[in-house]
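First chain A sits with chain B, and in the next complex the same chain sits with chain C.
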Partner chain A sequence: MTAPTISATARDQREKPSPADGRPAPAGKFRTVLHHRAGRKLLPLAVAVLVLLPLGAALWGGGGWPAAQTVDVSGPLDDANDWVLDNRDTHPLFLYFLLHLSNSATSAVDAVYAGLAQLGWVGVTAGAVLLAWRAGGLGRSGLKVAATALAAFAVCGALGMWDPTLMTIALMIVAVAAASLVGVVLGLAAGLSDRFDRILRPVLDTMQVLPAFAYLLPFVLVFGTGTPAALLCTVIYAAPPMARLTALGMRGADAGVLEAATSLGSNGWQRLRTARLPLARKEMLLGLNQTIMMALSMVVIAALVGAGGLGEEVYSALSTVDVGKALAAGIPIVLIAIWLDRTTAAAGDRIGDSASSAAPSGRGRFLHGRWAWALVAAGTVAAAVAGRLAGARLWPEAWTYGISTPVNKAQEWITENLSSGVPVLGGTEVWSQNFTLWVLNPLHDGLTWLPWWALLLLVAGVAWLVGTWGTALTATLAMAGIGVLGVWDKSLNTLSQVLAALVVTLVIGFAVGIMAARARRFERVVRPVLDAMQTMPQFVYLIPVVALFGVTRASAIIAAVVYALPAVIRITTQGLREVDPAAMEASRSLGAGSRQQLLQVQLPLARPALQLAVNQGVVLVLAVVVVGGLVGGGALGYDVVKGLSRGEMGIGMTAGAAIVCLGLVLDRLTQPAKARARKGA
Partner chain B sequence: MSSTHAGTAEATGTAQSAGDDVVFSVRNLWKVFGPKAEKIPGNAEYADLSVEELRARTGCTAAVRDVSFDVRKGEVFVVMGLSGSGKSTLVRCLTRLIEPTSGSLAIDGEDVLAMDKGRLRELRRHRAAMVFQHFGLLPHRTVLDNVAYGLEIQGMGKSERRAKAAEVVAKVGLQGLENRRPGQLSGGQQQRVGLARALAVDPEVLLFDEPFSALDPLIRRDMQEEVCRLHDEEGRTMVFITHDLSEALRIGDRIALMRDGRVVQMGTPEEIVGSPADDYVRDFVRDVPREQVMTARTAMRPPVGDEAEQGASVAPGVTVSEAIEAVVRTGGVVRVVDNGRCLGVVDHQGLLAVVAGLGADFPAATGATGTSAGAGVPRPDAATGTTGEVIPA
Partner chain C sequence: MNRTQLTRTTAARAAIASSAVLGLLALSGCGAAETGRSTEAGGTKTVSLTVPSWVGAQANVAVASYLLKKEMGYTVKSQQMGEVLAWDALSKGDIDAIMEDWGHPKEEKQYVENKKTVVKGGDLGVTGHIGWFVPKYYADKHPDVTDWKNLNKYAKDFATVESGGKGQILEGSPDYVTYDEALIKNLKLNLKPKFAGSEASQITAIRKYAKEKKPFLTYWWNPQWLNNEIEMVEVKLPEYKEGCDADLKKIACAYPNTPLQKFFNKDFAKDGGDAATFLKNFKWTTDQQNDVALMIADQKLSPEAAAEKWVKANESTWKAWIPKK
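Presenting the complex of A and B:
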């Protein structure tokens, strides 16, 4: 409440001529501080801290969240779980709604899986390759995409993972279809109605921040483990990008075109069909691409709730620390990700081109539109029939190659030779021990040493500094929610891991990002690597990390860093590149060196992008740190896994809720109001 | 102010609506954006306020204020004004792309504001088609399909509409580009597509909203000629919005000059240039090459002696620059003859007075002493002895 007063005085001071001309410096400096946006808030904040710190110390003392202030939710949750188990076959809610949902989910996946199995490996591979080629334009330009598809499926088969791959693809097909449908419907509604957009937007924003792990448990609570839970949480997890981008495409449509359509007397439906939807095609395809990638990421993680497929293989291999087997299942996941990404991206590029290329005529017409789809279908069926006639339905045993033994040998070698005792460098295990000892533990100890109320104050203060009263309120309430849930210590453990990983990510990410922005050649090298890394599901990152660093807290953090780096680097590079060239030129013309340019022009002007990078970094790091519960990360993530594997809903759900709260806190702390407005636009 | 304004509007209204050949008849049209916009029109309290004052007082922006005019069949009616003068809003009000706040609006005597949705769609589909400043083409469709878009909306079958569109494409000179997409065309070509799309539905009125202001000067010239050619060939009624005075003068049969939502002056190009209604308009037309716009009729004086009987002759509608040529060739006075009747004569003095912007009445008023004409003589007051429909601002 003091903020307006302060700013008013600041303005008064500015307007009044300085009475003492002799020494304007201190007053000027003070004014500058007050004038600055954050500075205006610092003073009241300092006052508040001075008042509240002794007060808090006197009232509550130090230490963790007081036990008296917690509410035990695990008991009621367990009861709810029991109730669901008891009533699943009798209660009308289940009989008439949820059971139908779960049955149709199961039968849809089964049907698709059976269909794919009927096609045989020849048919499936041919279909995937033709689809990729079609997306790439069925010309020579599409051949590269088609080759990617062929290679991906060949390797999947060769690694002996054909059947799990089919299962994963079947799940993906159903999940992506449902998620796209849900997303398009929501996106259309949000694109056409302002009110619905205002309601939907914060929901989508929040959903995007939450780690995949937090989605699993509620579905298990209702549906039990198995395909329906896995499928439904994948759909819910993957639908937001489609909804968001469809709405964006609808809203971003050229108003002039829509007006022209109206002026010609079109009705609402005609406008939607002939102008709005076609104009939004590019955004919608991008949305489909993102939805597919998120669905893949979730389908793999959903192995924890019984999804089956490749994720299941990775999960079971990781739980026995069988790196070779995990890798054999992980490579197909990566290849599927690349295949899907390239195929949808090629389709998106083609739509971008079509606006500036002549319509096909004559012979070329048969390679477009309906004809091309017919060609793809015919080719697939032909290949399938040929494959069946040749008697090959399953991937031939002779063409497989087991990599798990050699990989495990390599891993043993790594453990023996690289983990410790490497001269000068130390070794991976030594690094991770040192990291734990010197970074992680002090951070954790520091956080737990802070009195709970001081931490709340800190959260409130920082959130207020970067945002508004609303931001501060949300963040503080979410933080308090963690305490109330009774998982304060575990959450602080997770938080310390997130912070450690975030610092490492940002240091490396900004450094590489700045380098890539300044050296084009370096960017050309880094870019494809980043592209590939960004398409991979979170789960996959755990495999090499476990191989190198063993099962510790540090490995979860390293996986998180590796997962979050591409996004941070990319946003940093892009932000620096998009700095107004006129400003750069002006500073160069004034004789600024490249260091001066970077520090005085590029970085300040790229601040919104850097803030966005921090925000994205936090969200991504949290997602993997939580998944890291599987490989020794402990804390909240482990509780979720435990809850899932032992059916202890109470513990799992509590941890899941705490993860949600933590996600909200971290997002609000790193997302200034301005950046949020940009994201919305 | 309000009462005198309304009075003028009524006067012009009665003067014109007598004929049956009026296409659009607009009376006291208002468009106000903002909260409680409907309270602004007709409210004497707000009538004298400028746009800024009104916004400060009420939070509303009056884009079109009490505008009345008629568009006659077959004419090119130009609405001209600077950006923010409300001209684009006005043209959108004609087909209710923007809903007017108050006033009346009729097309061929039928009340547009009373139309229901279906009737309004019929109006937009068949009777009035619009060409937009930024073209508004569908980027994913070919030129041919863009031109056929209006017909598609009408529900016409594919082959039929394509055949019809192909005809129009040829008419605007885009043969051979039918299968291109808008992104591959130049700005001028894109606007030809926009024009073709509007023409394809064979509308009664063509509405142009600053169609050429996004184009290069040379291409703009081409397009203006194209529009003039189309008008000469088909005689279609056109309402043309522009901020470019020379464009307005070149293609307009009549011009309504707008400022801050009001029509400041309405008349033929010659009336606007020859007798500006106020300082604003005068400022506007100051740099216009008057000899290109004014006609011999303005420059002529009554014949003296036997001047009416002999010598070369010109029509009253020729421009002053053409009359100058005739005077120079003959070396004396030239008769202005309309249907064999001598209306008067032009000489070098009368023509030069028009070029110098001294007003048509100058030679008559000052007699033969006008030799010192150009030297610092203040401009005579305008609006004297003119026939234009002058609306005081």
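Presenting the complex of A and C:
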């Protein structure tokens, strides 16, 4: 995928000094400043600790969060739950507003699905291929993207998943359209108004960190199970990247161009339409790409509330513990992701090209703009008609291949041979046990051993060291919020798992990232694996993970590592690659060996990228805490699942809110200080 | 997934698609929207059933849908969802029937007694039983483990790195009815529940233990297709007596035997015609359900194929369910 997640790209871009600043990248100098600043902070911090520690011990003693200082929010939440149940058939809010929303959502998805089904498999495949080709420029350059699309659809059909794939695509089309619209509107407002931007940012952060499982339930209560709830949850989860990148594009508009537009007498609306929006096209396309990826990652979760499609196939495979069948439904999701990613990325590249190069050549003119779209449409219709005449609407049964049995056999063989009794290495189960005994248990015990006020102090101190007073305040308040919600112990359990997962992710991620940055061939091999790791629904690999590592917290950690690793590897590789070649050259001419070069030049210079990788690791690990709850992670993740499946909003939302608080704390503790400083400035 | 009936005219549908997306945003508030969708949507006879996550209940739905489609000419829509969500959908009329319910007193009170949107549909014929189980290979070696009083003696055998020195009892999906935490406390057992979080994880873990012939203690139930693959023996808890589960905090007795129940949407029960009568008549034995479940879970047949196979072999059973013309 082009970019791991939105926050990565957005922060990445936010951080890069824009050319207008005219400042050189201040990496080296910055480091000394930080050291200096950190050094200056250490002394007051030590004094504060010396004063506060005995004070805290005297006032509150040890132990977990005091029960007297909790607020039980589950009562009011459960009341709200009951109110909705009693009133949703009669109250005007439902009759005149929400039900319209629900009914139009259902009919939109049904209509798109019916349209796709009418096109037949020939028409849909032709349409997808032509669209990809069009995005790639309709020339020879676009052929590779078109081939990707063709292969993706052929495999979906061959796996016997044609109909669920169509259903999922229909849901995606409507969800992405709605999410992009919402995103663009929010992004425009945030791009034009500083105040709105400040209000919007924490909202977007929450939308992304709050586990979708937690807010599925309110939507189900209001809309019932089925398409509307699934659609709206997907929109909520997928809209933030579009909003962020649109705002970024608006803000990044060249001041000179805007000035010129003003001096030519255009008013605000005209400036927006003719200057700002076209200039932001590239960011907005990246936003669309990210929105699509986020929406696709909701496919399986949406199926929990009756969205149907590929997600439902994954679920029904899980109930018979059929890994092969789950994989057969998971692969199309990965392929749809790859098809759409390559297509939107190709379109994005062309925007960059056309901006730099002059007018298209003579032949190219015919293949641009409206003509090209007409060609795509005509081709699709022609293929659909041809397909209908040949009498083929559903994917031919004879062309499908069941992969379930061989995959299950392979899975069994692997788990049997790797889980224990491996000479020297010991096997996965032994690792899992040792990891739990020597890393996870001590970490958890340590966190619960710390008195609650000491933990708050620790958070405040670290946040202050890496950031500002504001950072420390937010982090401490978020940590205290967890206590007030009354889920202190469970949160510490989750926190210990998140920290352990983070360490594993970073160790592996940095190692692989460094290798990939230094060996191009290795990177080319790793890339498709990373793509699959990131887009494959976690539900597909739950069973093999449990078979290898047992129902343990270690399994939950493995699931998190698999999900977070690709982003960390990518950011590390990219960061190392972007190190100034002049600095590398200089060090080589001074006689530095390969190892010295890496340790003393490349890594220090890539420090901002590595910090970003840490931050992204945290966010992504937290995003799959809920999935961990499904394989024995327990704690907050389990509570969120429990809230949804038992229909108890109190439990689910409280745990969800606690996860958001943990996210806030960890984000503030790991956010690259430079971004913070710029934000504060 | 059966959505082929939706395929109608292309152009008109495409137009609706675009206008509907706009409508989603514009949200004209010109009139009250329709609440629940009726069962006779589109003029065709449609029945909607919920497909629960466990295989036994999928067997009910598979056989019922097969007969409704092939013998009675209905269109059947089936939707996968959690148990409590299914109750809610049943009340709204999004689905017409729940074919297997293991007891949800809270929902039953809310929807059957208070809102009166759901009615009872009678026994399924299958009796469900929840309990604590150990594998047979372990019980053979230590016969006295099957009495709860001896569990503390064997707790160390069930200990894992996760259970902090206590014996581990494996728990399943949060969906399922359990009060093991209270039981452990009230019976003063040296056990700690480990929540697998999903049935798939629990089954995988049990299979893993069984393959290595390791001892384990698990929350488990019958009928369950895995019981045919891995033999398990129940640990006897203090006997269940009427009312001993009234206060869940003080509970100290076994789980009851539950005759599994069917529930219908009120309107469907009244106006559902032959389909409603058929589903009311639908009643089979634990063994029959297990046959179909095994075909789905063990032989990896699709639910439709399994249902077809069973229907062909058991005509006398299902003939009685279909209402006489």
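The rule is simple: the second predicted complex is superposed on the first by the 521 of 681 C-alpha atoms of A that agree within 3 Å, B and C clash if a C-alpha of one lies under 4 Å from a C-alpha of the other, contacts with A are read in each partner's own complex, and residues count from 1 in each chain.
The criterion applied here is as follows: a contact is a pair of C-beta atoms (placed from the backbone, for glycine too) under 8 Å apart; a residue touches a chain by one contact, two chains touch by 3 or more.
Not measured: the values here are computed from a predicted model.
By the touch criterion defined above, A:Val220 lies against chain C but remains apart from chain B after alignment on the C-alpha atoms of chain A.
By the touch criterion defined above, A:Thr274 reaches chain B but does not reach chain C. Once chain A of one complex is fitted onto chain A of the other, the partner contacts of A:Leu192 are absent, as it touches neither chain B nor chain C.
Among chain B and chain C, the chain that touches a larger number of residues in chain A is C. When the shared chain is aligned, no partner comes close enough to touch A:Leu473: not chain B, not chain C. By the touch criterion defined above, A:Met584 reaches neither chain B nor chain C. Residues 1, 3-4, 6-8, 10, 13-14, 16-17, 20-21, 23-25, 27-29, 31-36, 51, 53-55, 58, 79-89, 92, 94, 107, 110, 115, 160-162, 164, 170, 173-175, 194-205, 207-208, 211-212, 296-297, 300 of chain C are the ones touching chain A in the complex. Chain A contributes residues 85-86, 89, 92, 95-97, 99-105, 107-108, 110-115, 117-119, 163-164, 167, 174, 177-178, 181, 220-221, 224-226, 303-306, 308-309, 312, 315-316, 318-322, 325, 404-405, 415-416, 419-420, 433, 436-437, 441, 542-543, 546-547, 550-553, 555, 629-634, 637-638, 641-642, 644-647 to its touches with chain C in the complex. Chain contact summary for the complex, chain A toward chain B: residues 254, 256-257, 259-267, 270, 274-275, 278-279, 281, 354-359, 361. Taken together, the chain B residues at the contact with chain A in this complex read 95, 97, 120-126, 129-130, 132-142, 149-150, 152-154, 179-184, 194, 197, 201, 207.
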